[in-house]
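One structure, pasted below without further comment.
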Amino acid sequence: MIELAPKHKYGLPIQHPVMPAAGVFGFGNEYHDLIDETVLGAVVTNPVSLHARKAARGPRFMTHGDHFLVHTGLPNPGLKRVLKEHRATWARRSLPTIVHLIATTPPEVAQAAQLLSGIQGVAGLELGLDDGAEVEAACAFLEAAREGHHPILVRIPFGDIYPLAEALAECGADALTLTAPPRARLPLAPDTEHDTEGLLLAKGRLYGPALMPLLLHQLARWIPRLAVPVVACGGITTTDAARACLELGAAAVQIDAVMWKRPNLLTEIAKELSNE
Amino acid sequence: MIREQVAVFREARPEPPLWWVRFEVSVPPAAGRFMLADLAGPVRIPLFAAAIDPTGFAIMAPPGHPATHLLPGARVAMLGPLGKGFRIENQQRLLVITEAGRLPPLLPLLTSTATTTLVVEAATRARLPSLHRIPPTVELHTITHDGSAGHTGTLEQLLDADSPVRESLRWADCACFSCEPARYPALARSVRRARMHPSADFAQALIEVTMPCGAGACEVCRIQTRSGERRACSDGPVFDLLELDTDG
Amino acid sequence: MIELAPKHKYGLPIQHPVMPAAGVFGFGNEYHDLIDETVLGAVVTNPVSLHARKAARGPRFMTHGDHFLVHTGLPNPGLKRVLKEHRATWARRSLPTIVHLIATTPPEVAQAAQLLSGIQGVAGLELGLDDGAEVEAACAFLEAAREGHHPILVRIPFGDIYPLAEALAECGADALTLTAPPRARLPLAPDTEHDTEGLLLAKGRLYGPALMPLLLHQLARWIPRLAVPVVACGGITTTDAARACLELGAAAVQIDAVMWKRPNLLTEIAKELSNE
Amino acid sequence: MIREQVAVFREARPEPPLWWVRFEVSVPPAAGRFMLADLAGPVRIPLFAAAIDPTGFAIMAPPGHPATHLLPGARVAMLGPLGKGFRIENQQRLLVITEAGRLPPLLPLLTSTATTTLVVEAATRARLPSLHRIPPTVELHTITHDGSAGHTGTLEQLLDADSPVRESLRWADCACFSCEPARYPALARSVRRARMHPSADFAQALIEVTMPCGAGACEVCRIQTRSGERRACSDGPVFDLLELDTDG
């Protein structure tokens, strides 16, 4: 048993150290027929906000060798609609659901956290911050998320571990997810119509195998000085990499967008780790 | 709910300007549905069938497509069939309207039992597809922008003018489109002008966008419809064309 | 003509916007027979320190898909020996040589900068800082480097743009190189003897194509607020990527370790850009 | 000063447990020198010749090596020949000492005009290389750790004991080694014990380390010698064995 929220009154115990990252698994049971959820520790939902959000305009996906950029704008139908469609799935599920909440504004986050408070199957919230969030703003979001009664994981942007991780642990985050994928840009083919800033560049978050060695470095540097559990996330595509995260002190690992290519990898890694 | 299948690559042969690539698989995708294949690259690639048979399906892919680099007998992991395809059951008179480069995923429609008319648009004669994949029973209209073959103009112009193309739209029971998605709002309006009260799904349009997950998880494939955003991978990729008239 | 040091009394004019990054081209004319230097703007030497440095122990190189980790410890025979062996090459070269100086201690850097002051062909110094350097320490290194009379470029570590870039521009850096490759770690095969910290992880700097989109994001964010020229460095492997850096406002680009695989790429990109 | 060549891949055939892979190239690498080939992966890969002929060279590579995946006629960009190889000109009695798995880069030495003795060490008989690449004129001594073939023990033990292996070292004009680099300091001391005043380059040792650039630029290939650090790619990869005795 792994306790992700040792300081929280209810805690957030999980049976296994592997889960999908926010944004790769959907809200409900999209992968039901492919994936044996029982070997997972938890399921993290796609990002959701109190109000509906529309998809980003412009290019949303671009490959770069083994890597790719995704820029969706975090579209979602709003929390109420998500609850209506998926709360039954969460209630039926034998393992905890962690709802990923987009840090839009503190009042919206507070209202969303309250709405989620009574929901069966939801065992915790993961708060997703925007890049470059200032410490006070990030703490205000955390405060707001704590107005529900769930344990709060905060997912830290790739470039912001230094200002945010220790501060949020002190402000009362139950656990930290290190990290959200980094922001990146790519030159677009010159004939592309979508042009975000006069220049032909696509914007987005970078996914791919190169994130893993960068993540390991950050875990080695930061876990020793963080007083809360850390969930590792970023480019983990092998059991060796997942194990390295755990040996560096991570409490659990999240598997990100590699799932779309290899849906079984999530449970393969989970099974291989649980056989050790 | 997603099925996982192992397809076996059987052959790839050039059919200029494309390649014909055939896979064996238990459950092939119907017209407008797709498989997500684990070929090269960091995400899976959608494959639409250009031909379907009891033991598998074939795609038509551009040179350099990773499917053209497989070795015979190679096993390819595929998710699917995924998505909602063309709904043409019990339609007598089928009209298929397509840009030349977007014809392959509509080829299976041409072998349906219905009486079929095919309208193909290209910039110039050299861009028209070779005819040998088009059954002789299919009535063919070609449109070229420069008038080098068939009718002169664009699809929109011919649908709006008094033309045999518009005539075929008038008589059809069902019209299946495959065009650059940005054209669909205008095409929807052309359909409305040609038909007074088109029924739901009278005009159906295939939207080909990037679909990294195919599972409704990644939200990359979102498209705008009259009734809000939908996912191409699970709510489509074939949509009611009139639903795509988001400008109107 | 591109002026890399507009505020410096002598300036650092270069004819073309492409040069090799520190550490990929050697000290002298190792690539003489392969590379037409005349299409380059400058040559940046391998990192050198006042005193000799030995190679790092443990694994120095490890691949990870299209990426790799390098950990050399910046070995070099010391500045005097390097001068003895290579100053003739620098003097003969028709384009500027920029000597990359390792920021060991401020007094050593000052002494090295003075030694380099009279050397023919040397048109500037690039100062390489360690990761996580504090602002005051970094400025002290810069001060020391300015005790010679050369223009100073400072190469900023990947994770330290936020604290360092603006501060160093204000402390008098003539230009900034954004960035040095990021620190990273990789799990070692379990049978490896070299084990740096009880755990089987190799340490090093990450090189490879995924750095480019991360670089473009940082350039877009930082160039508008920096009052000095920026030299872009990190994962540039195509003319499109080099052009994107220049369009984002970089004064020049450095081509890094891809050179080892494709030595001609440096001049290919340089030629393609100069034909535009 | 680095030469660039385009090699043409000619054939790859299994020669268990390795593959025999042949390239045509104008200037092949002599024994102990290498080519840096642009095959798969983010850096070039060093290739040492297992056989040299007027039109090219062959390597012996493990299964899965990217050279075994080339298609006939494939053109491969190579830098080289690079480095300093074995210096065996005018040597009458050549002794070649190698771990079984490290024999291939020494094979070209066996076809030199000298009288040659080969000592091959393996953990057990099954690990010994197949004999058909060893010319019949070569005198062969095998050593196995478990005694399953030839002499029993390790190379160091046999060099230090009163053995035919030590005897061959006594009589040789030149000894060429190819072993795990960590063993060289001990082997250097064994050589010193067997020969009173070995001349410079009497014992030569091939050091195979990662060489990403081959140009003396990356500093990854640095190794420690008695006279300071040297680069395997340009100062070696064949060094005077006695120079590698850094412990002593």
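A, B, C and D label the chains in the order they appear, each numbered from 1.
Convention: a residue touches a chain if its C-beta (ideal position, glycine included) is under 8 Å from a C-beta of that chain, and two chains touch if they have at least 3 such contacts.
Predicted model, so just to flag it, every value in this text is computed and none were measured.
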- Would you pick out the chains that touch subunit A and also touch subunit B? none
- subunit A to subunit D: how many Å between their CA centres? 51
- Query: Just curious, how far off is subunit D from subunit C if you go by their C-alpha centres, in Å?
  - Reply: 36
- Task: Please work out the Cα centroid separation of subunit B and subunit D, and write it as a whole number of Å.
- Result: 59
- Contacts with 2+ other chains: residues of subunit C: 65-67, 208
- Query: Considering only which chains touch which, how would you classify the arrangement: line, ring, star, complete or other?
  - Reply: line
- Message: Dump the list of chain pairs that touch, please.
- Response: A-B, A-C, C-D
- Task: Under the touch definition given earlier, write down the residues of subunit A that touch subunit B in their complex.
- Result: 23-26, 30-34, 46, 54-55, 60-61, 63, 65-68, 70, 72, 74-76, 207-208, 257-264
- Task: Using the touch rule from the top, collect the residues of subunit D that touch subunit C in their complex.
- Result: 1-4, 38, 41-44, 79, 210, 212-220, 222, 224, 229
- Item | Interfacial residue positions of subunit C with respect to subunit A in the complex | 64-67, 69, 159, 162, 182-187, 197, 199-201, 203, 206, 208-214, 216-217, 220, 240-241, 243-244, 247-248
